[in-house]
Amino acid sequence: MAGAGPASPLAGLLDYKTAKFALTRNRRVGLLHRLLQLGVLGYLLGWVLLARKGYQDTDRAPRAAVVTKLKGAAVAGAARRLWDAADYARPPQGENVIFLVTNFIATAQQAQGTCPECRGVSGCLSQFSPRAVLEFPGFEASPAVLDATCTEDADCPMGNPVDRGNGIKTGKCVMFNTTHSTCEIYGWCPVENSTLPRKPLLAEAENFTLFIKNTVHFTQFNFSKCNTLQTNDPTYFKSCLYDPFFNPSCPVFRVRDMVEAAGETFGDLALLGGSIGVRIEWDCDLDQPAARCQPQYSFSLQDRNYNFRTASYYWDSQRQLHRNLLKLYGIRFDISVHGQAGKFSIIPAAVSFGTGIAFFGAATVLCDLVLLYLDAKAEFYWKEKFEEVRTGLLGRAEAGVKFCEQIWGDFTVQT
Amino acid sequence: MAGAGPASPLAGLLDYKTAKFALTRNRRVGLLHRLLQLGVLGYLLGWVLLARKGYQDTDRAPRAAVVTKLKGAAVAGAARRLWDAADYARPPQGENVIFLVTNFIATAQQAQGTCPECRGVSGCLSQFSPRAVLEFPGFEASPAVLDATCTEDADCPMGNPVDRGNGIKTGKCVMFNTTHSTCEIYGWCPVENSTLPRKPLLAEAENFTLFIKNTVHFTQFNFSKCNTLQTNDPTYFKSCLYDPFFNPSCPVFRVRDMVEAAGETFGDLALLGGSIGVRIEWDCDLDQPAARCQPQYSFSLQDRNYNFRTASYYWDSQRQLHRNLLKLYGIRFDISVHGQAGKFSIIPAAVSFGTGIAFFGAATVLCDLVLLYLDAKAEFYWKEKFEEVRTGLLGRAEAGVKFCEQIWGDFTVQT
Amino acid sequence: MAGAGPASPLAGLLDYKTAKFALTRNRRVGLLHRLLQLGVLGYLLGWVLLARKGYQDTDRAPRAAVVTKLKGAAVAGAARRLWDAADYARPPQGENVIFLVTNFIATAQQAQGTCPECRGVSGCLSQFSPRAVLEFPGFEASPAVLDATCTEDADCPMGNPVDRGNGIKTGKCVMFNTTHSTCEIYGWCPVENSTLPRKPLLAEAENFTLFIKNTVHFTQFNFSKCNTLQTNDPTYFKSCLYDPFFNPSCPVFRVRDMVEAAGETFGDLALLGGSIGVRIEWDCDLDQPAARCQPQYSFSLQDRNYNFRTASYYWDSQRQLHRNLLKLYGIRFDISVHGQAGKFSIIPAAVSFGTGIAFFGAATVLCDLVLLYLDAKAEFYWKEKFEEVRTGLLGRAEAGVKFCEQIWGDFTVQT
């Protein structure tokens, strides 16, 4: 029947329905319930809101620009040659990977021709030295000589390349010193002398500095920051040196400090080369003043035994092509930038809050299980909680209900 | 009234309230409810926990270091010149992008001066060949000759650069062979001969190898792994070759294998150049032994017709600047590293579980809708579920309640 | 008692339990409830589904390949030399970082020896010019002269490197012009002349073009797209020029346009160099036709005062090592690719929906608080909602229940 004014359609739309609860005085279950609720509240406040800053929108993909510059000069080598940045920095552009030459083997004036595969006083034998085996573990550790040593021409089948060697065998076996013979090859001759200086040629490089200029831009918040101090003192970057405690905002790093922060000693790394990872980490809370948004630098050893060969070419007066080959050992710096910025936003705050309170429901489920199955008066509570709806002929059959069914119903209906 | 001890404030705090339910014997709705619950349970166990490993904390931004080295030597070209890594690998440093020269056009001894825009037997016409049009689709496909052909000087307005050409028009129209005329230009002369060899000059490069050393570091779990096998056999990397089935832990890749894995044939790509993407994918479950954390390699063609020009400069005896221009065609390898690592953690486990059980509530909502609106005895159930609270004068008015209102109330109140 | 068939275990399993609700006619709370529900529905539909596309699975880590090529030629400098891409583009490979030379200081034929630290008409003094101080703020702004000026030999301690200078002091103080003295150094001599041309040497570079070919591959959906228009017209890329409105699918960018889009003027940047970030953003909805998936380009200034030194080496007829040093100023283009693709998937759709409806519960909690604590008839509603379960001797004690306890119970039990 249609009632008076209050029962009009509009009024019905404004009815409010609230779930009915059965209140019990069971203290053990009540205590358990409160403890679980406290745990959930602690999780919500402590982890979601404080530790993980769940109320913030975050941008994890900043646009990062890195400009690097190696600085320093030193006189090194037997020829007392001065080395400056144009000499030892490769590539010169100063991108996020930069290589500092610390040692090298130069092979000047190579030309195409035939020559023994091995060269020098100790020749290929030097490659058996422990140091050589260390170099580029396994891969380059190059008993090229194993393939290149010979006693007669038949050991050197013509046309085969020497494994990890410098050229193509010509089919001849030649003596390269009074005791050893080696296959003759066709290739760039003379071949590279495999004897590496025992001390890094550019040991002074430990005092060189690496300047890293890094700008990050968080697109989502239109926020930019540079790792260099905003200073009006033009001599600041000239004289400063990075120190994690006393000078964390000076992005001029001494090479030795970086190597040591990566857990290595400069001398070892300079001899056979290596690769140092420099990680710049920005973790910015934009609800705080921007000045607090400062990068963290960390250094790690990525690889040992880093080297590569490069050559420059020229024609001599007889118009024959020559090249100067350099095998460069040194320290490669790999700069990577990671970052995230967070700022309060209503949407993630609501989602974090909503997800958190969903756990309160789980606490209730657990307590219901205890109340209905483990409590002494379980059956009594069961009847109170589940009020049977009788639709005529169907009767209530408490006894026939299986435990498995109760678990199911109880667990799921409430959540 | 204030009761005895049990009703004290503290005791009240420990009261436990459990929601009241109406139990119905409606089998169709009951069956539907169980099926929905089974579906949710399957989703929770199958997808969230097993497929997506929702109980793990994941680190998706590993620190990756890549060192590459091309190896191999071959005699090639009319001059029977030997090519080794220093000759064909650019840049020499071995970063994550490395280029292998397979074909080239050399233009030696260019100097600033004037010369016809076209050169060679077929001259600019060769640029009409289908092969040339293929090269760098659209962009470079360069009928430069269209702009450079002329019949009289007026066709070559002085000072204009030739579109996609090699210099600035001098205003003269000159004959470059018996049948064709072309504008004279000021620039590096003689101009590059646009005729590319019909076979790649370094066809032997297919047997060269690319060694990729990749170390990943998952900062969050302080876990590092290298893609090279930890072996004590120094000759292992010398002799091994990657094979996806028989030798997946040897990171020495034959160039032809990579090109074929990307769905190309080496000959085609070597002629006009191309770019191959090498993707290293780490998917590590750190709840498993670390040895199971192995990278997957995949190869794809990124681009065809890859080439660039580079020059080296020198002064001749008359102190005039000269350059040797090289247009290099070849295969560029772009190595990218992606990875994620997961490890059990209580927080994501709780969140995954909590989010999953929220769906049980949705199952109940759906069943309620069926019970209250689609069932034959819907009105009866409605009365049982919603127990009216009478506050004196307001009467219950079942009939006036609109369907739209019921949907709303029912849908939302229970969740 | 065990009932008939319907009460068998299987039948019990199919019982359906639905939560009991108390229906109230409180209009204020009802209205509040509806408003909150509307808000949640708006959030769910508007934000989660439409704005954030919560029903889609997303891939945020596309595999991106970038190939770049600078094009253009110009006659520049006092020597009227023609510059083409092989001259001004570094590195030549065309990777995602490419440098365009716009200005330079060349120092030809340096050899190891001794010379004054300062050179030229104004010598070291020119380094005091405002322009020099601007250069690489702070770091390089180099009153090297401060350390190199001297009045007597004692001002030049032997063996010390000159701060930010070019070599090692020999211990002598020499005059470099009629009024100033400077320390003599050992190093590459003569030293670089620090006077930069007042106008960029390659001012014509503003009309050069940068071609960017970018392919993205979304692994998760096996979807690839290239930023170049799929066209059969071979002259399209020859003649087209990018314009954000009229020609957004032509990836050929004029240098001046890019610099201006980054908010700079070409002349300023060309003089002392700079770094421009080019960001390619792909935001693809794969539920739409693939043709709608187009990249957005944006340009920003990353850094001013960008320069580096590079050298080429040669031996003269007396077999002495010489080098030609170039200090290059110019514009560096840093191309970065970001992207995401979304496609409908049942799992994220379910999760978004489920998370969203969890908020309906929060609306109910809030209304309950109003109903039970703020309404005039709060106590009456309280009794109706919480039905006491009497287990014999324990009596109900309404009066003793504290407010704090009620908040707790009410807030948590319902969710």
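Order as written gives the chain letters A, B and C; numbering starts at 1 within each chain.
One rule holds for everything that comes next: contacts are C-beta pairs under 8 Å (C-beta built on N, C-alpha and C of every residue); 3 or more make two chains touch, one makes a residue touch a chain.
Quantities reported herein were computed from a predicted structural model and do not represent experimental measurements.
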Indicate whether more than half of the residue numbers at the chain B-chain C interface occur in both copies; give same if so and different if not. different
Since chain A and chain B share one sequence, what rotation angle in degrees maps the C-alpha trace of one onto the other, as a multiple of 5? 120
Between chain B and chain C, what's the gap in Å when you average each chain's C-alpha atoms? 18
Listing for chain C: what residues touch at least two other chains? 6, 11, 13, 15, 17-25, 34, 91, 312, 314, 355, 358, 361, 364, 381, 384, 386-387, 394, 408, 413-414
Residue positions on chain C within touch of chain A in the complex are 1-4, 6-9, 11-13, 15, 17-27, 29-31, 33-34, 43, 47, 90-91, 97, 99, 112, 133, 136-143, 161, 163-168, 186-188, 275, 277, 279, 300, 302-303, 306, 308-314, 321, 323, 325, 332, 334, 336, 338, 355, 358-359, 361-362, 364, 367-368, 371, 381, 384-389, 391, 394, 408, 411-415
Would you pull the chain B residues touching chain A in the complex into a rising list? 6, 11, 13-25, 34, 37, 61, 63, 65, 67, 69, 71-75, 79, 81-82, 84-87, 91-95, 211, 213, 215, 217, 219, 228, 231, 233-238, 252, 312, 314, 324, 347, 350-351, 353-355, 357-358, 360-361, 363-364, 377, 380-381, 384, 386-387, 394-402, 404-405, 408-409, 413-414
